[in-house]
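I'd like to ask you about the structure that follows.
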């Protein structure tokens, strides 16, 4: 059981790390500001989400786990709203 | 081994970002780098097992200072071009001087005195009497309570200083906080959802601070940030600085702390001494009031001096 | 497991920090801000991984703090008026 | 070399960098940034000293740690004050420079930092 959970953690955290890498590559390589914003949101949502998901078996149940999920939801909320606000600014400056 | 590689990467990044803060041409770029620097520094404090400081740095360096500096950078943008850069000889002299100071300090780190000074056992002895579980909170409110009282006084004085920079005709007016110009935007949504969560986290920080890392300052900073968010999004108007309730909120924390300190003369034989058995409840009361005051004071410090009067 | 988590923290930190090159290159201020935003999310992930690696639950509180306040600088950025490409006359505002 | 020494060497470098920026950078806003960098380098040195003083079952000496928290608060208050001064200088003179040759109001300029 523990071994299975450990494999789950390793897989999920590795996948999350991959999305962070992908987000950075996108932020550095994509041609314009709006596409770069798109890359950023992937790291925000999926990357952190997978890392949190992978860490869930390691923390104390239920409060430790709830705290982790709360952290993820907070980043989700503010990340998506900030992305919209930045997009509004980029659109305005392009027009 | 993995931990050491992590630390090397962390330090390399910290120094790279710090160099960019100093050498960047554009002020905006330097300020964004400074925000990133604050985030990295919070991780450094975690690695030095100083979680209390990491919390403070995350709240201040990553959040409120960044906001203050970004606002200033965008207001001062047009003045950047006129700045005259310093001459090469002066730069070289300064570089040599700074390298010498760095070398001197590094020597102290590399060749420390053989006797290790520590006040930890002393602080722990006082901690047991107070009933607190967090040693840093114990130092702040028992062992060096006078320092903490003075620090709160400094915050109030800084606020008075910032307010007094207003032109005479705006004394007691509305701080010049930059408000987001488009009402009913998605920012409104953020400032409707985030503050309730933030207030819970702020109270949690203050409450857990008695036994775990956290405390009045960290909690107060979260409250300040949430208040600023509500004001920036236009959900709540920026209050006039001559409002009596506002000024009362600024001083209630330091005043209660001072009162508890004075009561110590009568009941415990010294300033800021707590009567036996009552230390923890008294500290909690003082911290609760301080959390509120710190929140309001930091919010007002970030909002800046008054720049207009309330329209009637 | 500890080494794996610390290693993952190392990779996430290095990846998101590479994104900081956007602070150097810009070109728009929005790009610079996005790099800081990515480091904020990456920092949250790093702290959660470190908390799990060192089994210190208090470190999760630092991540919670960052999650709550990392968006704050970006909010200040979008609300602090016109930016690098010069002032936008009100008539050009899309709304 | 262990991690504590590594961070201990980081502190002095930050102090040096901050001091260099404080002396050579002409823009007051950048001087405020440099001053904060200098301060955080000092705090880091304190943190390393605290870590070395680990005793009584703690990971670090809580006294320097508490001093650093106080320091961060005071540094923030000073930064807020300095920025308010700088913005007021800009309002009064239309410039943000500490160079007496450039500003009309030299007394305000020299007081700004």
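The first chain written gets the first letter, and so on, giving A, B, C and D; residue counts start at 1 in each chain.
Criterion: a contact is a pair of C-beta atoms (placed from the backbone, for glycine too) under 8 Å apart; a residue touches a chain by one contact, two chains touch by 3 or more.
What you are looking at is a predicted structure, and each value in this text was computed from that prediction instead of being measured.
Colleague: B-C versus A-B: which interface comes out with more C-beta contact pairs?
Modeller: B-C
Colleague: What is the chain whose Cα centre is as far as it gets from that of chain B?
Modeller: Checked the centroid distances; the maximum from chain B is A.
Colleague: Taking each chain's centre as the mean position of its Cα atoms, how many Å separate chain B from chain C?
Modeller: Here chain B and chain C have centroids separated by 19 Å.
Colleague: Just give me the whole-number Å value for how far the CA centre of chain A lies from that of chain B.
Modeller: 28
Colleague: Measuring from the mean C-alpha position of chain C to the mean C-alpha position of chain D, what distance in angstrom results?
Modeller: 22
Colleague: Between chain B and chain D, what is the separation of their C-alpha centroids in Å?
Modeller: Between these chains, centre-to-centre, one finds 13 Å.
Colleague: Got the chain C residues that touch at least 2 other chains?
Modeller: 33, 35, 64, 68, 70-71, 75, 78, 83-84, in rising order.
Colleague: Would you mind listing the residues of chain B that make contact with two or more other chains?
Modeller: 3, 47, 64, 75, 182, 187, 190, 194, 197, in rising order.
Colleague: Could you pull out which chain D residues touch chain B in their complex?
Modeller: 2-21, 23-27, 29-30, 32-34, 36-37, 40, 43-45, 47-48, 50-63, 65-70, 72-74, 76-81, 83-88, 90, 95-97, 99, 102
Colleague: Considering only the defined contacts, which chain C positions touch chain B in the complex?
Modeller: Interface residues on the chain C side: 2-3, 6-7, 9-10, 13-14, 17, 20, 23-24, 26, 29, 32-33, 35-36, 39-40, 43, 46-47, 50, 53, 56, 58-59, 61-62, 64-66, 68-73, 75-84, 95.
Colleague: Report the residues of chain B in contact with chain C in the complex, numbered from low to high.
Modeller: 1-3, 5-6, 9-10, 13, 16-17, 20, 28-29, 32-33, 35-36, 39-40, 42-43, 46-47, 51, 54-55, 58-59, 62-64, 66-67, 70-71, 74-75, 77, 178-182, 187, 190, 194, 197-198, 201, 205, 208, 212-214, 218, 221-222, 225, 228-229, 232
Colleague: For the complex, which residues does chain C have touching chain A?
Modeller: Contact set of chain C toward chain A: 1, 4-5, 8, 11-12, 15-16, 18-19, 21-22, 28, 30-31, 33-35, 37-38, 41-42, 44-45, 48-49, 52, 57, 60, 63-64, 67-68, 70-71, 74-75, 78, 83-85, 88, 92-94.
Colleague: Spell out the residues on chain B that touch chain A in their complex, using ranges where they run on.
Modeller: Chain B residues touching chain A: 182, 185-187, 189-190, 193-194, 197.
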